[in-house]
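Heads up, there are several structures right after this.
Each of the two complexes below includes subunit A, the first together with subunit B, the second together with subunit C.
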Partner chain A sequence: MSLLTQILPPANIFLDMDVGSKKRVFEQIGIVFENSHGIARSVIFDSLFAREKLGSTGLGQGVAIPHGRIKGLKDATGAFVRLREPIPYDAPDGKPVNLIFVLLVPANATDLHLQILSELAQLFSDKRLREELAAASEPAEAWKLISLWEPYSGEAV
Partner chain B sequence: MSRILILGAGRVGSSVAEQLVLEKYDVTIVDSNPALLKPLADRLDLRTIVGDAGSPATLTAAGAADCDLLLAVTPSDEANMVACKVAHELFNVPTRLARIRKQDYLGHPGLFNSGNFAIDHVITPAQIVTDYLVSLIETPEALQVLEFGAGNAVMVAVRIETGAPVDGKSLSDLKVLLPKSECRVVSIYRKNRRIRPDGDSVLHVGDEVFFLAAKRDIRKVLHEFRAEDRAIRRITIAGGGNVGYRLARAIERDYQVKLIESNRERANWLAEALPSTLVLCGEATDENLLDTEQIERCDLFLALTSDDEDNIMSALLAKQMGTGKTIAIINRSSYVDLLQGGRIDVALSPAQATIGSLLAHVRQGDIVAVHSLRRGAAEAIELVIHGTRDTSRVIGRRVEELKLPSGADLAALIRGNEVLMAHHDTVLQADDHVIIFIDNKTHIREVEKLFAVKVGFL
Partner chain C sequence: MADVNTLALLFGALLLTAMVATSLTKRLGTPLLLVFLGVGMLAGDSGPGGLIFNDFELSYTVGNLALAVILFDGGLRTRISTFRVALKPALLLATFGVAITAGITGAFAAWILDLPLHLGFLLGSIVGSTDAAAVFALLRNSGVKLNERVGATLEIESGMNDPMAIFLVIVLIAAATSGSLSPADMALEFVRQFGIGIVCGGAGGWLVSRLAKRLTLPESLHPLLLLGSGLALFGATAKLGGSAFLAVYCAGMIIGNRPLPAREHSLQVLDGLAWLAQAGMFLLLGLLTTPSRVLPELPQVLPIALFLMLVARPLSVLLCLPPLRFRWRELVFVSWVGLRGAVPIVLAVFPLLAGVEHALLMFDAALAVVISSLLIQGSSIAWLARVLKVEVPGYPDPLAQHSLHGEDDAHWLLVQYRVAAGADIVDAPCTQLDIRQGLAETLGVWRQGMLLHPESSLLLRADDLVLLAANEAALPELGERFAAQQSGKQLDAQRFFGEFYLHGDAQLGDVAMFCGCAMPGDPDLSLADWICATLHRQPTVGEQVALGGVTLTVHEIEGGKITSVGLKLPG
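On to the complex of A and B.
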């Protein structure tokens, strides 16, 4: 079982979110985790932005993995967002982004968290998976695609 | 791509906008005066919105809800403060910077915290310009003095004059002249063209040289670059505005300071506020006044009024009458180019001096300082590098391995309290502060990307 199953609650899949900027995505995500974890939305928002200031989390091919360390968070958690329209994201290939996986980890991040991050990067470099995520019509379908994905099983770009 | 919203299209606002557009940011600029926006819209790829800075309707139209950073630089402190508050409360703009001029507000920094006016970074041009002038008074040989690493390292711009020990010497000779001090010549400008320094570069009279050294070595190094300068003891300041007052207050204990102010009421106030400064009420462009005050015995004359023409005239007059060195605040950049290095020794543009502090917050990376050089044509940046060998493109690499764009040079790094000149085999470590000289500002984004952490950095 991939590490990703454990960190992605089925409720945290948002398909065709209609927002036009990175900032709005981070705001929405802040609200999601404020509700589920009781962490102030501004803490999440600021942490994601602070990480972005050090270097873009755009992966290329329309994907971004914004992430942040959150004080008071016990276990890593995540959310997947598919945007209705791609947004500018300062990705290495310059392409706008429409698939976003937000990863939040505890303030004292460990190797496990680095491993999750690297697994996410691998998952999204799988072209077929990206296409399937783009085509998924139900959140449950997208959740399954991410959760059941096996490391190294897909073909890289 | 970051979206930047600039409020106020004055000198600072429009210069920052121009620079950010050049760096491919998505820029929107707001001003209540369409005449200020028109030339920007004609020339640059940005959005302009006519309206009041603090108005929710204007901010909505300007896309505040989607912007990453707000820069409030209208002429009004109050408008800038309200704009930051509104941007925070209604639009949740993540980072808010404002220019605040009035000491009345600055004296109460609690006003700016997130519960109040919600300004993340307050920029005060008068203080920036004052610090710049103080550094020029402490290092009178320099055209510009920039501090890095909390003052441990200093970059100095000097013009080589007749009689300077380094005239006609190569940079390898310089190492012989200065065996013990570590000094790095970062750039040489000859007739406004850059010469990338190497060991064979020969310095000539008239060259403008930027060098970097540890602060404790600066005097020794300057000694080689300049023939003896007239020591500074007597200073005359023309203009008792924000900058003139702050400067007099900063230096009055260490120098003999005279301050000329034309407004009688202000002059009385200054005389009260500055116990060791001789405040004179009069016009600095008045030859008779300068003559009576024995301007020929003055070592340094600073023209700091808000009027370019007055500053130019009084500085020229003072020089003509025998003052040692002259410094003038000149806002119009075309005047700066015309005058610096001629009969006015240093022409200082407050907008240029201020822009760096704004850019430091806008750019990607853990940027400590950005300094504009050569009237904005070049730049020196100090940034902290983060990550590991895997999540950084620079950590664990030798300087010679770095893929720096042309026109960008890593001059030195600061590790802890130690200033290390960058050699080809210096290996970068996490948390090093690196000092980078960038001659060609179109490459800034590449430099940023090189030093940014990779996606895998947690």
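On to the complex of A and C.
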């Protein structure tokens, strides 16, 4: 069982979200966690945005992993968003982004969240997984793909 | 010259053989220069060719001219922007480094060959200078790109240390033939040669650069203008009593770093000429050597070569560079890449012509040093660069690259790329290049010889030929987009720099907060300044600093300031 299963609630999968900018994605995410964790949406929005200001969290190949530290959050949690239309994200390869995994960690977290980020980066470097996620028609299917993902050898690109 | 035809046949056949051999060595990875040497030896008196050639006078003339062309070409290619990290170490290595190497090697050679000390020093000076042309040809073939500090240091060193070695040889020959020379005389001679050399080179380079801009010439004649002015400058400086080699190198550097009409074409032609000069020298050397004479001397001269590689060069690097805070890996690499090339061969002819005692023995010793250096060091450079991690991710060059005609500033280039199968850009609209740095615009796409208009509806396919207008800043990214993913030859950028990139002006406090690590310094410091302060030296692309669990790698530098930093996650 990977770290990812523990942090991604099945309800936090959003397929074909129809937003046109990074800012709007973060606003939507803020609302999601405000409802589920009772944390003000502005706190989440500000934290994610502060991180983007240091440098884009885009990984390339249409993937981004925005992440933030949230005061008052007990455990790391996440959400997966697939966008209807790719948005500009200033990613290292210049490509617009349509697969977004938002990671929120407690303010006092150790470097466990670095492990999670690293695992996410590995997961999304798998071309087959990216294609399957892009084709998934049900949130449950996408959740399964992410939760059950195991690194295979030699297929990363 | 009774028989011009024989001469033409011989020279042509040699050149032709060399060309065929070149295309073969590219696949074999053996240093090309050894092939020329071999061809020369086979054609010479001990080989099947049976040519008897021992005209040292002619070799001296050809060698000097060849060296002038090589150094001029080297100067044209040297970028003044690399001086920021490389000038100081290169200058130290080129002056003190050469003197130290020559001294230590000389003492050892005098002892093992049972020569008087001053002749030992003469031999040490002959083999004292390094050759970067050979190094860079080798590295280019193996797809390794060195980090800027190491690469530029080696390159500038090899351009600047030749005049020093030549100076030492001339002075020591004068001392050997006309009795002793006082240190004061030597110092005065040094100042005179280098002073006149630098002044002539600087002024000459500036004049030539102005002249090239003024004259309206067809493109094909521009390289000849450069070649002619380079050679004239060489001769004039020597007549004035300055170091002609230093002068052509400096002039080349000034011309190459100023706007130059027909730049690409001129550089390509001069590159070919420098190549011919180098090949010609090694061919001549092969012809001059008599293996049957050298073989019995091997037990004596081989230790000199090994001593130079394993003791003298590392020692001189260790004495010159540590104050500049090179990393130990870089020190080891620079020590090992003290490749000896064409210069010792030319210099070894000097004592023969001057009639110095034991000159033939010194010639053979220099030969042994050059051959073993090319064989042993030459074949291990690419491997060592990988092991010592002094390489940085490179990018494929465009197939062709031209500057705009008649434009002074070389900002815009016309570049051509072939779309590789599996490249990033396959299936993307040809107008959507997604370049982050610099400017690029598609001008045309050729598919199976047909010109297609660059409209946004045109999707690129593998094997398309694309013509773009781009500036230099865009070339790294363009190279990556058009090349096949993970071509294997180049270091993978993500594995090297990490998953994310941070801005150089991000505040250290914020970065440390997001990394979840203890504050390593003043939180208000910018990331760029903190990295510089941690490194204690001018940063180069590829340098790494640990921050908590993550590794930060310098990714981009503009105008001496770090602008982008790679962040690599643990595990």
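What we mean here is this: the second predicted complex is superposed on the first by the 153 of 157 C-alpha atoms of A that agree within 3 Å, B and C clash if a C-alpha of one lies under 4 Å from a C-alpha of the other, contacts with A are read in each partner's own complex, and residues count from 1 in each chain.
Please note the rule applied: contacts are C-beta pairs under 8 Å (C-beta built on N, C-alpha and C of every residue); 3 or more make two chains touch, one makes a residue touch a chain.
Remember, predicted model here, so these are calculated numbers, not experimental data.
S.K.: Between subunit B and subunit C, positioned on subunit A by superposition, is the outcome a clash or a fit?
M.R.: Aligned on subunit A, subunit B and subunit C clash with each other.
S.K.: Going by the contact rule set out at the top, does A:His113 touch subunit B (first), subunit C (second), both, or neither?
M.R.: both
S.K.: Is A:Tyr89 contacted by the first partner subunit B, the second partner subunit C, both or neither?
M.R.: It touches subunit B, and subunit C stays clear.
S.K.: Going by the contact rule set out at the top, does A:Lys23 touch subunit B (first), subunit C (second), both, or neither?
M.R.: In the superposition, A:Lys23 contacts subunit B only.
S.K.: After lining up the shared chain so the two structures overlap, which partner does A:Phe49 touch, if you call subunit B first and subunit C second: first, second, both or neither?
M.R.: After superposing on A, A:Phe49 lies in contact with subunit B but is clear of subunit C.
S.K.: Taking the superposition on A as described, I'd like to know which of subunit B and subunit C A:Arg69 touches: first, second, both or neither.
M.R.: The answer is both, since A:Arg69 touches subunit B and subunit C.
S.K.: Identify the partner contact of A:Arg130: answer first if only subunit B is touched, second if only subunit C is, both if each is, neither if none is.
M.R.: Neither subunit B nor subunit C is touched by A:Arg130.
S.K.: Would you indicate which of the stretches 150-158, 474-482 or 546-554 belonging to subunit C has clashing C-alpha atoms with subunit B?
M.R.: Answer for the clashing stretch of subunit C: 546-554.
S.K.: Which positions of subunit A sit in both the subunit B and the subunit C interface?
M.R.: 51, 53-57, 59, 67, 69, 90, 105, 109, 113-114, 117-118, 121
S.K.: Could you please specify the touching residues of subunit A with respect to subunit C in the complex?
M.R.: 50-51, 53-57, 59-60, 67-69, 90, 92-95, 105, 109-111, 113-115, 117-119, 121, 125, 157
S.K.: Tell me, which parts of subunit C touch subunit A in their complex?
M.R.: Answer in residue numbers: 424, 433-436, 477, 480-481, 485-486, 494, 499-503, 506, 510-511, 513-517, 548-550, 564-565, 567, 569-571.
S.K.: Hey, which residues of subunit B end up touching subunit A in the complex?
M.R.: Per the touch definition, subunit B meets subunit A at residues 1-3, 26, 65-68, 92-95, 364-366, 386, 452-458.
S.K.: Okay, in this complex, where on subunit A does subunit B touch?
M.R.: 20-24, 27, 45-46, 49, 51, 53-59, 65, 67, 69, 88-90, 105, 109, 113-114, 117-118, 121
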